[in-house]
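In the two complexes that follow, chain A is the common piece, with chain B as its partner first and chain C second.
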Partner chain A sequence: MRPSKELLAKSVFLCCAIASAAIILAILGFMVALGIPLFRESTFSAIWSGPWAPHRGAYGIWAMISGTFWIAFLAAMICLPLSLGMSFVISSLAGRRVRKLLGALVRFMTGIPTVIYGFIGIFLLVPLIREGLGGPGICVLTASIMLAILISPTMILFFTDSLLAVNAAYVQAAKALGANRVQRLLYVMVPRALGGMASGFILALGRALGDTLIALMLAGNAIRPPQGFLEPARTLTAHIALVKAADFDSMEFRSIFACGIALYLFTILATIAVRMMARERVAVS
Partner chain B sequence: MLTHGFRIGIVLVISLFVSKPCLGGAIDVFDGQKGTIKIAGGTAHIPVMKEAAKRIMTRNKDIVITVAGGGSGVGIKQVGEGLVDIGNSGRKAKPEEVEKYGLKMFKWAVDGVGVVVNPANPVKSLTKDQLKRIYAGEIDNWSKIGGVDHGITIYTRDEASGTRAVFWGRALGKGEITTSALFVPSNGAMKTAVANDPHAIGYVSVGHIDETVAPVALDGVTPTLDTVKSGQYSISRGLYSNTKGDPTGLTKLFIEYLLSTEGQQIAAEKGFIPVK
Partner chain C sequence: MMRVFMEKMVEYLSWALALLLCLSVSVFLSYLLIKGLPSLGSELVFGKADPLSALLGRERVFDGIFPAIIGTLCLVVLSTLMALPLGICSGVYLSEYATPIMKKVVGGLFDVLAGIPSIVVGLYGFSVAIFLHHHFSDRLGPCLLISAISLGVLVLPYIVRSTQTSLEELPAHIRHTATALGATRLQNIAYVLIPNALSGISSGVILAIGRCAEDTAVILLTGVVATAGVPSSLLSQYEALPFYIFYISSQYTSPAELSNGYGACLVLLGICSVLFMVAHGMQKRLFHWALYRP
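On to the complex of A and B.
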């Protein structure tokens, strides 16, 4: 390629990169700017930890932050053992045919729309939980179980990829020493893949934090921090979906931006965690 | 002897001729028209909007009408911002909303807001005071008001809901709603939730009440079409379709259709009280 053409391509791509980075920053700036009236009206701690009672002038989002963490962490915890088992089977334990089949199934799962899970949750899981465990059925646990299924492909694919990325020489060496399949998996592959698996876990957790529809349909959206798995809760994302219809100039509507900032910060924290793990992984290998 | 297919063909041809005149009336103003109408907002309105849209689009394939929900607040906001052509609301637009957006309101039906429980629930009658205390979280078990010994699951709607606004103002007297209440985003979702939960209490547009949920008499008056119509049941509101400024073109025709004999008939069929 001629230097002038190269220069052109370079600058075009640079512009794209700058634009996408600028958009991310602009979104944060936009949220802060639009949220300013709310922060001026009430104190930071009242928004962060106070109750949500718009008709009394209280716009606290603590109930939503708490609900988000309950549902997302429980979902990740339910998803973890399932994904570990599935990725072990796909990466090494099963025969070639079963592996291929399960792999295809997991990839197919990534394409199922969220609303389908929500719908199935309402008609199958909610009555089951209500009859079996009590409470209204629409609760943290129900949302978490469906969310766990939703995020499982992310976890499984990450786990499987990191297990398969382990240097074949190590595995062969273990095989030569007489290690069977399970031993090779547990003592050679898993320890080497741990970093990649951890980032898969955090990415899936991030997906759980950001999902809207499952919690909106299955968690009940009550504006109180949940006290147990069988209580209803509202996530930040569901809160945004429910409050977005309020008047543009009202404080209720402004509180959406506080929610947005909170979500933004959580996502950034998760991303930083993944980054740090990836760096550690590079350092180890 | 006629073959089966031939006979069906004859029936089809005859029914074409017979049914054509029945379709006449207000709907023929849409003949030769072309374009789209976007409708959003109040969820109580949806059955009527869908039926009207279906009839119009069946008659004229060049017209596309989309119907979305969101709640009254969304309807007013979206039509005001010019995102949709018609924004529905189950409450009158507030004076500041009318002024800000230059809204024109068209009331085409009256609708009650009724308290509903699961049909399996023996409690079918409450006083307003009991209802207030249930929603405030003071009465938290059905056994305290003559039902089974089980906690009450309270369902409510989000702030965008006109149904909620009317219920909160007229039935609860703007009383407190407990923070443990569950939120659902539409009249349809409320019906599904109450129909599936034997211990639920909620409130829906009277037009949405069917056999899957049981209406609860309030101070001795059961919310039905008749009691709302006679004014005996007092928790009622108008159903409005709002436009930004005076409606024009297809939007104007659609609103005229809602107010025509046929449109009003659809409203009545779907369980609302026509205004004409």
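On to the complex of A and C.
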């Protein structure tokens, strides 16, 4: 009686694990299956790097890929100094009380819904950029600034965690040698935390690449590769969101599956990078 | 000398950047509060309908966010109900039964799923809806059920991961005592390990709930619409709070509607931040509550 119950439980748990894993593969499977007509119609390179000209039967998604990278990298670049500053302050420069307060603020920020950042961006940031820097206001820069603030909690939490995970003995030793707070931070904690900080950066970059709402609401959604920070752009995610569901047999509609596959591949690459870094970190320590 | 200068610079710059970030977040929040507070009230939620009869379903609400709140509530409940058993069982399997290779492969898959953009998960739900529409019945299409399933997929890795890590982090003396006394593996899991890991698991669940409540990209593709009223069945279209905010931001026709948008932002922000705060507080509090209760 008892062994059979044990076996039953084990197989239930196993089935659940297999089912959840199957869902993840099914996502890729569905996109490939539905994207196949597009790949049959034109070549692989025409889809990834060709121009977007539906009237000529060209459905290249290069404009969207480049828009995605412009916005995501600019956001990560804006976010990096902000997060470095904040994590330095939280991990060592500030006193206990300020530290706690800022930590609570960062945790609170993780809970702010994306759509609210977009909403504030439209009514507060867009007019500011339009009047301050010219252009339409709805552009790469606006989306990147908002996105930078959206992803900053991810970066800050990772940076702070890896800075604080540095072996206390090293920090104490440096303190005993007369190093002040900044010196302990710069010469002891940061060099040892670099690996963890790099993973945090990649994860935040991944969030920026995958975010839909900010780009959809603030980047203008023009289908052409952006030439500057003040030009509108469309991201892969926004392209998927803007699809019109009425015509699902058209090639235009099929192109969103190419976008989906591209995003899926970026995610896999980022995941592998983070995992490899984690393994190296384990090997080092 | 140069070095001292640089160190000072790093210190000042860090403080300045940290302040800049705090400042921008507080500007955003106060902007939202100033614009949104005046519209908060029963008018925002129920419009011109009578609150009591709207709650009882006797009267339809046309210009309030009541249907959107109900829609979001339905989504959260349905998708959590779907993801919870599957996620917890998978987490238990990964932590207690899986071989190291299995752990690596399946764990890697969950890392990928956790990183997949939510719009791609939405696209998956959308494809499933099309598939069902073509192969089974014309009445099937993007609807509440499809959205709930997709959101369930989206939050699955949160639940799996939090279950797995909080089980794995249990100290050896908790893990082995019951088995040493003759308990079977299943008994050990059900009566000792899971109750002890409960605070970690539940904080994962709350994060998942928050994600369901705030995500817009998934529902955008899987059946949310601007006006649908309170959802009548699982296969009907519905309204949701985040989509309402998105919709208002581009389609508002009057200042009154816009100020409703600000109000809806405040309501959603309130719901999500409370959930996230509870999740973060839980790690410690629930543990204390469970173990050191007088």
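One rule holds for everything that comes next: the second predicted complex is superposed on the first by the 269 of 285 C-alpha atoms of A that agree within 3 Å, B and C clash if a C-alpha of one lies under 4 Å from a C-alpha of the other, contacts with A are read in each partner's own complex, and residues count from 1 in each chain.
To be clear about the criterion, contacts are C-beta pairs under 8 Å (C-beta built on N, C-alpha and C of every residue); 3 or more make two chains touch, one makes a residue touch a chain.
Since the model is a prediction, treat every value here as computed from it, not as a measurement.
Following the overlay on chain A, a clash is recorded for the pair chain B and chain C. In the superposed model, A:R234 lies in contact with chain B only, and not with chain C.
Of the two partner chains placed around the shared chain by superposition, chain C is the only one that A:P113 touches, whereas chain B remains out of contact. Of the two partner chains placed by superposition, only chain B is touched by A:N221; chain C is not.
Contact with chain B, but none with chain C, is seen for A:I138 once the two complexes are overlaid on the shared chain. By the document's definition of touching, of the two partners only chain C reaches A:D211; chain B does not.
Residue contacts after overlaying the shared chain place A:I122 against chain B and chain C alike. By the touch criterion stated above, A:P51 is placed in contact with chain B alone, chain C being left untouched. Taking the listed stretches 23-31, 221-229, 257-265 or 275-283 of chain C in turn, the superposition on chain A shows a clash with chain B for 221-229 alone. Shared contact residues of chain A, touching chain B in one structure and chain C in the other: 122-123, 241, 243, 245, 248.
By the touch criterion stated above, chain A contacts chain B in their complex at residues 51-52, 54-55, 63, 122-123, 126-127, 130, 135-138, 216, 220-224, 231-232, 234, 241-248, 252. Looking at the complex, you find that chain C touches chain A at residues 7-8, 10-11, 13-18, 20-22, 24-25, 27-28, 31-32, 35, 85-87, 89-90, 92-94, 96-98, 106, 108-113, 115-124, 126-128, 130-131, 142, 153, 156, 160, 184-186, 189, 210, 213-217, 220-221, 242, 245-246, 248-250, 261-262, 265, 268-269, 272-273, 275-277, 280.
Those residues of chain A whose C-beta lies close enough to touch chain C in the complex are 2, 5-6, 9-10, 12-14, 16-17, 19-21, 23-27, 30-31, 34, 81-82, 84-86, 88-90, 93, 102, 105, 107-120, 122-124, 149, 152, 180-183, 185-186, 203, 206, 209-213, 217, 237, 240-241, 243, 245, 248, 256-257, 260, 263-264, 267-268, 270-271, 274-275.
Those residues of chain B that touch chain A in the complex are listed here as 70-71, 73-74, 77, 97, 151, 153, 158-160, 174, 179-185, 192-193, 196-197, 199-200.
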